[in-house]
Amino acid sequence: MISDIALFLFQSIVFPGVFFIVTLAFGSNWMYRKIYARLQRRVGPDSAGKYGFMQGFADFLKTASKEEIVPRSANQVIFRVLPIIAPVPIIVGIFFIPMMGLRGMISSPGDIYAIVFILTIVTAIEIVLGWSSGSKYSLIGASRSGMQLVSFGIPLIFSMLYPIIRAGSFNLMDIVLAQDGTNFGFLPRWNVLGLGVIAFVLFLISALAELEKPPFDTPEAETEIAGGWTLEYSGRSYAYILLMEDLKMVFVISIGVVLFLGGPLGPTFGISGWGLALLYFVYFSLKYFMVLIILTIISSGLARLKIRQIVFGSWSFLTPISIVFIILVMVLGGV
Amino acid sequence: MLIIELIKNLFRRPETVKYPYETEGLNFPERLRALHIIDQESCIGCRKCARACPAYVIEMVPLTEDELEARTEKIKKKKVKPVIDLTACIFCGVCEDVCPTDCLNLTNHIVLPSGDKEELEVGD
Amino acid sequence: MEVVEMLEIQKDKIEEENKLSSGERLVVLKDKSCRALVEKWLGNGVDLHLCSVVGIDNEDAIQVLYYFMDRKDNTTVAVAVNLDHEKPVTDTIGDLIGSSVYEGEATEMFGIEFTGNEIARVFLPENWVGGYPLRKSWKKEDYFDE
Amino acid sequence: MKSITNWSRQKSLWLLHMNTGSCNGCDIEILAALTARLDAERFGVKLVGSPRHADVLVCTGPVTIKMMDAVKKTYAQMPEPKFVVVVGSCGSTGGVFRGGYNIYDGVEKAIPVDLYIPGCPPKPEAVIMGVAKLIEKLNGGS
Amino acid sequence: MSKRDYTEFNLGPQHPALKEPETFRVVVEGERIVKAEAILGHTHRGIEKVAEQRDYNKALYLAERICGICSFAHNANFARAVEFVADVEVPERAQYLRVLVAELERLHSHMLWLGVLAHEIGFDTFYFLVWNDRELVMDALETLTGNRVNYGMNDIGGVRADLTPDIKGLLMRKLDELGPRLEKIKEIALKNKTVISRTKGVGVISNELARKTCVTGPTARSSGINWDLRRDQPYFAYGDLDFDVKVSTDGDVYSKITLRIEELFESMRIIQQVLEHLPEGRIKTDVRGKLDGSAVSRIEAPRGENFHYVDFRNSKEPYRMKVRAPTYANVVSSVEVLVGHYISDIPVIVAANDPCFSCTDRTLVIDRDTERYQILTAKELRKLSIETTKEEIM
């Protein structure tokens, strides 16, 4: 009993809990910036820690140690409190992701419901954060954030439907297990290999929009609205917002890995126990970084779209495509 | 295509030069107009540079007692010496052009930043 | 019709004619406005381009120098009007050709009033009290303590 | 704890670039210091858009009287600890425009300055040296 | 539509999209711009007044610092105006060298503009790639003139630095390297779908508006005005050189990108010709003493026509110096086309003209209280009763 509690505490706080997740978030931030720089023939951050690996941590710590300014025009309570709790839903969401084994830290028959709910809640938090700072730029940023949520909600959810239909379950473990084994003896039965590639592309586009990375960085567009909804935050609040954005990246990419790339699955070589967990984690991170690199290349190769173009494009292309696709999949009976 | 270019870039060596740790590949040409050197030994104190300076940053400072004593035969009549305020200098090189004894020169060493204006003076 | 030809026809309105050192004709009008001339030019379909409006404080008079170019036959001409030093007033040509901001600048720098042009400030603030700074008699001490 | 905070400050300098009436020369050289050739991001330097996020205010230009208020306002909006770096001669003393009555002869008349980067304009290498110097200054304890 | 649908806000004077302090006050309904106005004058340094107290040799360096991007254009233009007054013959070699530096400057300015535009539309990768290639031009300029930005190349009556064989070789090498890179830039900029979607049909300046507001340079050429001072009123050595002037009739931002990229290749051609046909001889004629007379000089700066008027009255100091920078002519048109576009388009349209406000704002300003600014266009805007911004953030 005691040891169970101890294990749970260890899991939730140290590994693969909050501490680890935050490290992963900072690592992803560093990785993103490094790849982004590399694509532009630059070196990228390399002074904080080995190869600049601690860059995300340094940014967080520095921002957190700064003075916090609350503008007079802001909604005092929300402005102070909400940023601090903003990262919490995403951390909870990441607990659902099976990284080390086939089962996440939290697992329920309706994992996907929770994940979609958390994705929506995060955007809602952004909108409230932007609105409560009481600046016009923030307000525009928040409204753009909302518009993106509305536009990309359907493609995102519909792209997630494909793995669900294939697995016949809303549970992430079932979805992962449905991707086990190989076709033709060598091709893994991941969702991305096959018809699911359409769903994967839809998911990547929606994921970029959710992450607010270019070309969908309109809510924070620096050259237009000077930082959007994050504009007024400083000090500790802004540090938490930075953390939230990094965590969001971990979360969204992890979902992609689990739903389309078979999560932690891979050749096991007959290893079991802790070794297997480690191996699973290695596979998971390899896939994770692959998706991260793909996302970075896409986002660095495109110019920022206008919010009108985003909404228009989403409703007239992505949404119909996703609907047709899902109907097709249902008719074919979850190929 | 940009995507191909980007993927190529991913595996290319970055073009970054890790200045100040390395300087290979950076351009510091001979003609670069940066830090001044004043050879006070051969300066005759003619004030030409001060008069020609478009930004009025060259101040002719009277020599101190010691410096007056230390004058050599060549600069016997010298009473003032140029002092350049680098914080206002526009590095146009006019002073170098007008100097009759070639004692004032602009080198290609960049002027190091400083938090102290006193440090950014040449000639003292 | 060419700009130059038009000038020849209107010879009676020209007070004196000089040349700038750079070779352009400098025409000083008898009138206190060049609006009629510009209207005539534009009415005859001249492809007119206004390069700039220069205000000059000539101690005894304020001169406004318009620098025109005809794109079609590549001629340039400077037209000047001499205005009263105390109360310089002339007509705007801003509605004919895009000179409003240049005129606005001349207004704030020299105090030239362009009738019909509402732009009175381009660079200086609206509550400016420092006089007309590009006039020769302008001294900083008259307006500011520092 | 204090040393970790100090370390993080050295490794993550976020700049807010502000043109206070300069000729653009210094501004493009600051941007050039961020591009591939020298890549100031190596030091964790990043250009940010909002004064609330910035650590360092990079000023260029002699502070025209119209910009005076904007400079002070921007500086006031930055959270502590904050630093001011002046790039170029105009910002340091007024440079070639010095004595002009329409300018304030340098940023120091408006806000306290921590570092001068002389040059007209300074080479991007000098801007990088300025960053290095600022990091050194932070290292010395603040 | 009730009044509360409107929001008014200021872009600038400190705004990440504008590297220079200038304010654009826009009124939006949702994200659509209803009214727009530019508030100029944040970078007035009083150069015209200051120049009246400096002799022409010193004012030359003042003119150079009107703008850091087109510094050579201002500097050479002032020198040319003074040379007219002094009535001196500038040696042919100096004329060619001036063309060389002017075209190198055009290369760097257009590439800078491309990068900045890419940054405005959130395409940072392209911005970094272009600016990386731009460093080649900067190296060439630095080696030739001794400085990266304010070259200090001109003197009244000639140029200060000669082209040695060493430097010529280096220039050749850099240009050879630049050629293929420009091709790559062209392909990326003109074929990227997102760039097209952000720039095509945006900010169309019609031919009528362009003629009415007297726009110049690439802005005019993109609106169908076939005018280039280099060809039509040749100065320096442009009369001897062979180059094309590109014209487009679309008037939108995309056509300006196309036009400027074409001009990059033309500049490369001109530079090659100059390097091949550079005549021997002196590089400077001395100008001394007092001058008398007035002159206008106009040259084609990267952004458009650059106008300098100087007036000497038996003195070394100019009695009156007037500068009309190209942006001053172009800014009115770009503000006028803002209406009807969206907030996201503001940086694109404003940047499309390659605005250089430090050129524009060179004249004098003294401002005791910055709370109120003068309105440039659309005076009826004031009638709109809009809640004023509580705290001007940016």
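Letters are used for the chains, namely A, B, C, D and E, taken in the order the chains are written, and counting of residues starts over at 1 for each.
Following the convention adopted for this analysis, a contact is a pair of C-beta atoms (placed from the backbone, for glycine too) under 8 Å apart; a residue touches a chain by one contact, two chains touch by 3 or more.
In this text the structure is predicted, and so the values were computed from the model without any measurement.
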| item | value |
| --- | --- |
| Shortest contact path, chain A to chain D, counted in steps | 1 |
| Comparison of B-D and B-E by number of C-beta pairs in contact, larger one | B-D |
| Mean-CA-position distance for chain E and chain B (Å) | 29 |
| Averaged-CA centre spacing for the pair chain E and chain D, given as whole angstrom | 25 |
| Chain centre separation in whole Å, for chain B relative to chain A (CA means) | 52 |
| Whole-Å gap between the CA centroids of chain C and chain D | 42 |
| Set of chain D residues in contact with two or more other chains | 35-37, 39, 42, 48-49, 66, 77, 95-96, 99, 101, 120, 123 |
| Residues of chain B whose C-beta touches two or more other chains | 2, 6, 14-16, 18, 32, 54-55, 90-92 |
| Contacts with 2+ other chains: residues of chain C | 125, 144 |
| Contact set on chain D toward chain B in their complex | 36-39, 42, 89, 92-96, 98-99, 113-120, 122-123, 125-126, 128-130, 132-133, 137 |
| Residue ranges of chain A touching chain D (in the complex, touch as defined) | 33, 37, 40-48, 52, 54-55, 57-63, 65-69, 222-223, 226-227, 230-235, 238 |
| Residues of chain B touching chain A in the complex | 2-3, 6-7, 9-10, 12, 14-16, 18 |
| Partner chain B, residues of chain A touching it in the complex | 35, 37-43, 293, 297, 300-301 |
| Touching residues (chain side chain B, partner chain D) in the complex | 14-20, 26, 32, 34, 54-56, 85-92, 110-115, 117, 120 |
